[in-house]
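Okay, so subunit A shows up in both of these, paired with subunit B first and subunit C after.
Let's look at the complex of A and B:
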């Protein structure tokens, strides 16, 4: 058996051009299949662990998915603001344990800035009801304090005490900076593997303050409305110049005292006549997301499986095509004592080796590509894929493809077996 | 999706060959049985108060709700039951399996109509979680029922089920 494997390998090496192309075709198809599965499970896991323990997400009237995506995953854009009054009404309701207001729309060097309150650090949960923790520093105490996620701190090299500037708008760069309102890093959060890592948190009052002079949609440069911290104190002291409360927030998260009232509260908010609101249960919205994404990834899976099939057929074709020109090779083997059964096994092994090489190359390529794409997926789509490395699924897949290759290899093996019986040492062409 | 099907198939095959423990078989129940026997003939849930009142507490909204009564079937307390229904997911684990949910008798209980009355929904806690393929699918849920009469507001589930097994409902 062992010399046969060596012989098959050497025979393949002799035809390394075509063999390499066959291996390449199989590798591409297998990496597609591995990639599709890894994306599916990775995306699902990433989304599922981002929010936990929150009973309702409330925002302006829009779709449940849109609301979930922009409020929690920082993907897409909010439709409109929610009035502070509506938030106050809900937060004071006897069935409500806590609320976390959030306000989006600014950024710091490509990382979204989220205005919130200290309740965020107290009540927000991710994964399996894990609370946020501080790696350094603590929550904001002052209007100009910011708390940054682990990745922001790592990528930009910030530590507590550093000063940062916030940019108007959510692009990676903007030509209008809130440069007159520098913030101080007060704390750095422990890495969570969720969009929290990529967020700069500031107080809601800070968001209100930096937009004070923006009533016309651009920063007012008129002397009278220059920010009090910049120059002369306005009449009546600068405190009067600041809004007491934010007038609007982007969305808020709600935790109920008991899960029992979740449905009633959701209905009440959706039917609220004072302001058009949308309230979603995160679990339900996530499930709706799977249902939409599920169709796409099932289709991708089928396409990838068919590509693998095409790869195997390609391999079969190339082996079959080579049979005619290799009659002499078989004849020589026979002359040195190989039996027809040896010829049969040789071709079977050839198919197996080609498939094995293709599968291994494919799996390695897929995981390398996923590893390279991870930062991009995190920054563009809020997907935090924790590469699990080569898993059981990959091994099952490898087994299935190599097995299929052996079955496919039966065809050329049988033909070669028959030829070598008929031909013996004389080749009739 | 491929794996889960293989696992489900294996589970069904294995379960088919194992001897079922006698006497421990869960009692299969229908939603009507969640109502006390004497109320079944005349069951007509009152519509809940307007949503606005629930939020603002106007028109005695909050007080009015507490006066809305419902009763549970005490015979179900502590029973092992098996009941079909739709899943309204509340909490997911890391792998995306649903570990806490409301089980309701019809789909859409979450959006289109007022939530079912408290004694027509079950709050289910399931450690291992359900791998929910579609919210439009119904599931058989098996577990131990608890029917404590709690003083809850509207939209509250009167029943809690500690689920141990689930199975997709075949129409």
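Let's look at the complex of A and C:
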């Protein structure tokens, strides 16, 4: 077989124009597959690193996925609020290390506004238990201070000190702007690659103040379900004494002192008799969510695999097309002692060599492109590629594609074998 | 004629128009085609009794072939083309003394192609006459006992044809090879030990032997 490898390579080199096109087609399809796979694992990775360090997310009674979506991903709307009393009760529990109340429902030029406390900047973790950091400025000190995520700052061109207005409701075109309450950008967070980047953070008291004013307005009824401020509290009372903040919040995040207590606390909250609550463990809920999102992800993989198949079919076509004009080549080889089996092996090797070259080129190109794109993907889309190096997956892929090429190569090999048996030494042109 | 027989070392001229069965005869003698009946013996081997693979191995070891034209693989250098038989036959490789490359160089030099044998020299740069001489060098590499030439001169002009024929005869004689030469051009027959018409062979009893 050894002399045949050289012959196959030299024969291919002689037809290097078409061979290069075939290799190129396979390389493109393989690099697409490698790229899709890297994106897949990157997306999965980014997804799992959205929130960490939080033991429980607590909201009004709803499905765990719904709670996760609006509290962490800022997608969708809460069905109901959680009373401040319940939050206080949990935060005072001896097993609870910290709680972060969050209040959603407003927006700024399409970006969600989230009311929270300064504990958010202290305790919130993402990725591999990374804390939030400030790229500029610091946490809010005043009622009208806002801390904006990296993407908000980049997209809207804000820097600390700029004034922004909060829009009531969600979406770019909202009902009314809270024009009389301009906010000042106090800080800009470091990019995290999570929904935090797309969030405008303000104090809970600011949210309360906005909506206190609104309560008397024409929209109060529409708003009362989302922000059921009771109005029993004295004007401005919550601003001075945050711990007694007497209103509803959207949800709160809980950090436990001991991981052993998490399940117990979750059960207690889900069975809480004073108020219907749902408590979810973020990791578990993320897993459930990924099972749904992962369908699209698998579809993408199937499409990429089909493109590889198309590349191999292209190779098959080009080899089959060359057979007719290569009958002379086969006859010459037979005249110098090549057996029909040699001819068979020669064409099989040819398919294998084409695929091998295509796979190698594709893997190298894909990793070069991924390496170049990794910083951009991380900063723009929050997609973190774990490793840019060639891994076991690439080797498996290479093996699978070359194997498939050999199987596809059986077709032209068999045809050439049959031709060379029939032709013998007569050369038909 | 009960049988068609060629003696060892004999130079036989076989003449016949195209379509008269020359190619079939050569295919049978060289073991590419199997005879439907009769006995085909070449160099003491009964080809009819051999399997296809064994006939292929036999051809690789003992027979050198030269075609009308396009004998060479365009993607191999002149040297690699000449060395082809030694790739497929260990016997031819062993008989090419002192080694296949030296023998190929010697054959090319004797055929007036000393400069074309340089490594990497492409066969596409050669004239048809030169290509035919390279084919002779390849057919003779490793001293096969039988050289079969199928219309090797029909693509050459008359000057090149004469030079080619003389070289072919001389090299076959030097290598002690039996030469079976097929052509429709009866004018070439004078140089050969024996002249036969394909029509006579076609009347032969189903015995075809060469020893």
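Rule of thumb we're sticking to: the second predicted complex is superposed on the first by the 229 of 429 C-alpha atoms of A that agree within 3 Å, B and C clash if a C-alpha of one lies under 4 Å from a C-alpha of the other, contacts with A are read in each partner's own complex, and residues count from 1 in each chain.
In the analysis below, a residue touches a chain if its C-beta (ideal position, glycine included) is under 8 Å from a C-beta of that chain, and two chains touch if they have at least 3 such contacts.
Because the structure is a prediction, the values reported are computed rather than measured.
Once the two complexes are laid over each other on the shared chain, residue contacts for A:146 go to neither subunit B nor subunit C.
In the superposition on chain A, A:128 contacts subunit B only, with no contact to subunit C. Of the two partner chains placed around the shared chain by superposition, subunit C is the only one that A:329 touches, whereas subunit B remains out of contact. Applying the stated contact rule after C-alpha superposition, one finds that A:259 touches subunit B and leaves subunit C untouched.
Once chain A of one complex is fitted onto chain A of the other, the partner contacts of A:93 are limited to subunit B, with no touch recorded for subunit C.
When the two complexes are overlaid on their common chain A, residue A:272 makes contact with subunit B while staying clear of subunit C. Contacts of A:340 after superposition: subunit C is touched, whereas subunit B is not reached.
When the two complexes are overlaid on their common chain A, residue A:52 makes contact with subunit B while staying clear of subunit C.
Among subunit B and subunit C, the chain that touches a larger number of residues in subunit A is B. For subunit C in complex with subunit A, the touching residues are 23, 26-27, 30, 32-33, 52-53, 56-57, 59-61, 65, 67, 70-76, 80, 84-85, 87-89, 92, 138.
Across the interface of their complex, subunit A is touched by residues 1-3, 48, 50-52, 54-57, 62, 88-96, 98, 100-102, 109-111, 114-115, 118, 123, 132-135, 150, 152-157 of subunit B. Of all residues in subunit A, those touching subunit B in their complex are 44-45, 47-49, 52-53, 55, 89-90, 93-95, 127-128, 258-274, 281, 283-284, 286-288, 290-291, 294, 298, 301, 393, 396. Within the complex formed with subunit C, the residues of subunit A that make contact are 3, 7, 10-11, 13-15, 328-329, 332-342, 421, 424-427.
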